[in-house]
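Input: structures, listed below.
Okay, so chain A shows up in both of these, paired with chain B first and chain C after.
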Partner chain A sequence: MAELTKQDIGRFLARQGILVAFVVFMIAFALANPRFLAVDNIFGVIRSSAILGVMALGVTFVVIGGNLDLSVGSMMSFSTIVVLDLHDKLGPTLAIPAMFAMTLALGAFIGFLVGYLKLNSLIVTLGMLSAIHGLTLTYSGGKNMDIADKEGTWFAVIGQGSIAGIPVPILLFAGLAIVLSMMLGKTPFGRKVYAVGGNGTAATFSGVPRARVVFMTYMISAFCVATAGMMQASRSLGSQNTVGQGMELEVLAAVILGGASLLGGSGTIFKTVIGVLILGFIQNGLLLVGLEFYVQYVVTWVIIILAVWLDIAAKRGRLLSPIA
Partner chain B sequence: MNTDIPALRLEGIVKTFPGVRALDGVSFTVQPGEVHALMGENGAGKSTLMKVLGGIYQPDEGQIFIAEEATVMTSPLHAKARGVVFIHQELSLADELSVAENIFLGELPRKSFGRVDWDKLFNDTNAILTTLNVGFDAQTRVGDLSIANQQMVEIARALTVDPRAVIFDEPTASLTDAEKVVLFDVIADLKSRGVGIIYISHRMEEIFKITDRISVLRDGQYRGTVKTSETDEDKVTQLMIGRSLDLSRSVSEHEVGKVALEVRGLSCGNLYNDVNFTVRRGEVVGFYGLVGAGRTEIAETIFGLRTPSTGTILLDGEEVRINSPIDAIRRGISLVPEDRKGQGLVLGMNCRDNMTLPQVDDMTAGPFVSDGAEVAIFDQYRDKLDIRTPGWRQLVGNLSGGNQQKIVIGKWLSMHPNVLIVDEPTRGIDVGSKSEIHNLIRDLAAQGYAVIVISSEMPEVLHVADRIIAMYHGRIMREFTAEEVTEDSLIQAISGIESDKVA
Partner chain C sequence: MSLSTKIALAGTTALMTTAAAAETVTIGITQNNVGVDSYQTTYEKAFIAAADANANVETVVLDAGGDVARQIAQMEDLIQQEVDAIIIWPTNGEAVIPAVRKAHQAGIPVIVTNSNIAEQGFDFVASFSGPDNITQGRRSAEIMCDKFTAMGIENEAKVVHITGQPGYTTAIERAKGFNDRLPEVCPNVEQIDQQPGDWNREKSQQVMEAFLVKYDDIDGVYAGDDNMGVGALNAAKAAGREGIIFVGATNFAVGYEAMAAGEYWGSIYQSPVDDAKAALQTAIDVLDGKDVPFLNYFDTPKITQDNMDQYDKPVF
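Coming up: the complex of A and B.
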């Protein structure tokens, strides 16, 4: 057996920095409050992170492809409102595919603007953030949307049921994570996403259809948002127009916390899942420690910055560096 | 200045990275007023050594002495304060700022209330520019300058500190011949002021023209220092690669086959005009001309990256329309692009994934990419092209230039193209890898590939091409066979001088 040198440990920490940070957080919170590691608490955290998590899976594709998606929060509100409205008009069996089609159409529009017209994704999706919000309000007339028969619909299973003791939202999150992880890590399409995000020009010079790949990343993001909207609608069976407001930044934080580069070309679904869980457990842990809800916003931010900084510092081997 | 005290002395520098001993006890000395060449193949340790000198890396062992005073460098800025200045291959200037602001960036002269003292700034700058004898002034916007003049700005920046040692890293990589002369004058001037100069370059011609001594690195080890006047190219090459090189032209003995590619009356805006040529299987056609003569643009058109305004492209006698690189690849055209890092490679991706990128769709088992098929391709071309890497998982960005270029070439060879276009095949690549790549190109022709080589280096086209097409300002001036071409006629052709003795 080779001996573990200081250098080996350093390299391990550099590569697995986020995972290590995760474990450290868990231990710290567990010491502060033993309830933190109780099975029902853990399930509770994962379950409440699932909606954010599903959205983060899609945004991971967009970010690795070298773009941003700030529209996912308001797009999720849109999906939720639409599926709730159509539930009573068409029945859940038709409402779900109809809502998916409408959300995917929005994704296609963004994908067209960013992929084919090569517009800056920050500007396009920031604009779509408010445009879609307006669309949602127009659709709902500004009113909250509620399902009439909250007791009798099978639709509630998606957000509230469990199979073999595991909550359905967790199963959806896990299932989607596995499928998308395979897609990103193992298929030719996934490889092209990394190539386009890593060096779009070189990808073009290698015959990779850059525009189509970028377009597809937004379609995947929209699909995930539609799934999240469905979960959200099912969980509450009624919703405000602003249910997803602000989630775009939390989603982005989870993706970056997981270690995807904002410049594109790096990251994995697995890391994003870790990022989502860290965020979820931090917020839960802070609650259990007894901090007031709104203090969380600040503390969460501090922890994100700390984690990202440690990650970068570990990669370059010192805490402060004159060069990146 | 006392010439007995070395301007800069490195002693026993060792730097290891996980798995690699990048520098293995390197020592050498630069005297004041000396131009000292530092040579070695890519990957020999030159860049690492310079990073140690600039304080970006800390050496594991060994010491740096400036004027015999042991110094620990902590950053390039710190090195500069100690009188060690770097002129980099890739320029680091702010395009939107003036020459003066760039030169004094971070140390602009101030008046009261922190206002910039513009008069002093411009006067100081112009004083430095005068000594450099350049044709622009302090207020010029840097973005408006040529690359050569931007380099002069970098040099001017170095002169603000009264340097002891200036390190030039491949300074002539993007300069024209005339611009080189100016640069060499400046170097001579620095030399006469007693500055010690480290000159890193792959270009033997320059090394023998301007340097006093040559130190050679190989595989991270110091292989010795020789006086330039007492050695020759062969000896230096031997020191660098541990063997001698056969630079004579390998005449093709194989049969030249049918026409693979024909271009008729091709024009593209004002980039190039009425271009006609053919490339046969089994031959290498060289495109020679100055930067901007339209050679790369022709290649990009054939590869589907540009749409021609008029003209036709024929593959195996059949007229084709190529609208995208995807079309081109499907029709068996491959392009090894000019800008290796910008266009050829995804630097953050591993070696294997880069190599198989154009054909990743065809390497599947079910819906997934087949690891085995990919590794098989990588192994095959790693062996064939002698790519030196610890393994396929290595990120391409960590390889030396020569090995990077071989990854790009491997990428396209593995597509078995009918027509292979290679744009500047050996730019920024060391001698050893250079001749390997030249031999490889000759081999490919012998195997029946139709090859186009675009190059700005005359020895390169003379060495590898069976026919040479000389371009000037978007037009083909003349076509030469390898037998009839002479350096003079080639230079005339690419300078736009019409010649009557057309063969």
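Coming up: the complex of A and C.
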């Protein structure tokens, strides 16, 4: 009986290594600063992570499908600038769908190039990273975009409001995570994404419409980016053109930290959420501990490596393994 | 695409100017990264407008797009075109020095604008035209201290400090100016924390959120520019923390509006239009053989809720 229990724990650890790592860090930071676990702080961290998190949800689909999306950072800047600009021109009710349409058009373009023309996703999205940055700058003329009437718009609710005491960005993040998790885990489409990423050739011969599936993963990613842009715009009601710059790497780090394979075919939404939260709480925890900020860059890296190691060690069942 | 077009344009401009009257001077400028923020965008427009208004000046306007290698190539192009003077807004204070030296050796005076190059390159520079960031940091400290004194809390106030991007000269100089000056004017005010906001409103908001969790008692926030200052203000508003004195630098339109709304106390008024005009004028003065100081600062005055009506709202 006792042996069975031990086995069960081992199996649980093996499956949820990253979750264990997450709990370990939370305890360590809480010991260093008791305020770390204050409800306000936890809500604050999840709310700030929600924007990155929503983007990571979409990228999870792309990565599981065996591709990369490095354009999400500059695409998020684009969405943010566009929705802020249109807010004052059309009003928020029209600005939001118009911005979604424009962002989805970008996603469709990338999806077409990678899915139907079978171009290398790294090259396509790296190119789109700077192309969309240029598009954003052309659109705004390089100026910061600000909503004129900051007090009188309901648009602020999306990024700053709360429902039943829970900040709206957290609700959006959680809601989207649940919907996308079901889509990935419980629907035929979700299984096709795994199939295409796991072995594209086999999937094609099994009758999976590979091009369409890849196309759809980029549409989901663009939809998530548009949602993130809307949240970002609403949170500060103003933005510079570079607001999402560099986020593509943080997003990718969160997705990989969550355990999705860069080679495609594995990963889950739940684990990506954990990856996002780890990154968010590390940043916040280091601020609260009050380390010199040059040191923070290094410590962040060390913690990420530790998390990845714990994850792999749990899968192997031991900390050091003679085989990879 | 844009680079080759610009070089082609630059080529034609140079040809045209050789045919022009003898008194006309040609001034080339290679900028850091136009379009990355409103300041640089406004700067470029103001520079072109100022040059157009002067019949004796022809310009070759280039932009390095934030890329050091491209800026060095542009310096070499300008030397090839034998312009009369070169204005450079360095993408990197160290890496551009060899290119600046090359221009100097070719007999072309180089004027550095906005952010200076590193000291070992000073021998090759005719003049630096731009804001004095150390003075700006010092003035922000004075604004903060004066306000604390007016409130009667100059002996117990606690301040947090959000800096610009680590490693960026402007960020380092402003932080130094502030950190040196504050203890001189308000020796009992304590700075309890200092973290970077990377010139980014969202990042600054996150940093301020953590400060608010960590410290129950914050009386003042100094941010390296208004963009970050407004991010910190948003965090304080969201947390319902009132009575905090916010002081920034480089007054942005959002900072000006927050001052008008009574939420943000003060900043430093730095106009990209003045910056651009000063750079062009410095170049013209150097070419005219006038005696130009090596560090040719343009004035960046204090702006607070008390005197803001004397200043126009910034366009960026």
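Quick note on the criterion: the second predicted complex is superposed on the first by the 295 of 324 C-alpha atoms of A that agree within 3 Å, B and C clash if a C-alpha of one lies under 4 Å from a C-alpha of the other, contacts with A are read in each partner's own complex, and residues count from 1 in each chain.
Going forward, a residue touches a chain if its C-beta (ideal position, glycine included) is under 8 Å from a C-beta of that chain, and two chains touch if they have at least 3 such contacts.
Every value quoted in this text rests on a predicted model; they were computed, and no experiment measured them.
Colleague: Should the pairing of chain B and chain C on chain A count as a clash or a fit in the superposition?
Modeller: Superposition check on chain A shows chain B and chain C fit without a clash.
Colleague: After lining up the shared chain so the two structures overlap, which partner does A:Gln160 touch, if you call chain B first and chain C second: first, second, both or neither?
Modeller: It touches chain C, and chain B stays clear.
Colleague: Output check: A:Val208 vs chain B and chain C. Expected answer is one of first, second, both, neither. What do you get?
Modeller: Only chain B is touched by A:Val208; chain C is not.
Colleague: Which of the two partners, first being chain B and second being chain C, lies in contact with A:Gly238: first, second, both, or neither?
Modeller: Only chain C; A:Gly238 stays clear of chain B.
Colleague: For A:Thr272, is the partner it touches chain B (first), chain C (second), both, or none of the two (neither)?
Modeller: neither
Colleague: Mind computing the angle chain B to chain A to chain C from the CA centres, in steps of 10 degrees?
Modeller: Computed angle, apex chain A: 130 degrees.
Colleague: Just chain B (first), just chain C (second), both, or neither: which does A:Pro188 touch?
Modeller: After superposition on chain A, A:Pro188 lies in contact with chain B alone.
Colleague: Examine A:Asn41 and indicate which partner it touches, taking first as chain B and second as chain C; both and neither are also allowed.
Modeller: A:Asn41: touches chain C, not chain B.
Colleague: Looking at the overlay, what does A:Leu287 touch: chain B (first), chain C (second), both, or neither?
Modeller: After superposing on A, A:Leu287 lies in contact with chain C but is clear of chain B.
Colleague: Which holds for A:Gly142: it touches chain B only (first), chain C only (second), both, or neither?
Modeller: In the superposition, A:Gly142 touches chain C alone.
Colleague: In the superposition described above, what is the shortest C-alpha distance between chain B and chain C in Å? Please give a whole number.
Modeller: Result, nearest C-alpha distance in the overlay: 34 Å.
Colleague: Enumerate the residues of chain A that count as touching chain B in its complex and touching chain C in the other.
Modeller: The overlap between the chain B and chain C interfaces on chain A is empty, containing no residue.
Colleague: In the complex of these two chains, what residues of chain A are touching chain B?
Modeller: Spelled out, the residues of chain A in touch with chain B are 7, 11, 182, 186-188, 191-192, 194-195, 198-199, 201-209, 265-266, 322-323.
Colleague: In their complex, what parts of chain A are in touch with chain C?
Modeller: 33, 35, 38, 40-41, 44, 48, 137, 141-144, 146, 160, 232, 235-236, 238-243, 283-284, 287-288, 290, 293-294
Colleague: Where on chain C does chain A make contact in their complex?
Modeller: The touching residues are 34-38, 40-41, 166, 193, 195-196, 200-202, 205-207, 209-211, 213-214, 227, 230-231, 234, 238-239, 252-254, 316.
Colleague: Would you mind writing out the residues of chain B in touch with chain A in their complex?
Modeller: 18, 56, 75-77, 303, 305, 324-326, 328-329, 335, 337, 342-349, 353, 357-358, 360-361, 363-364, 367-369, 411
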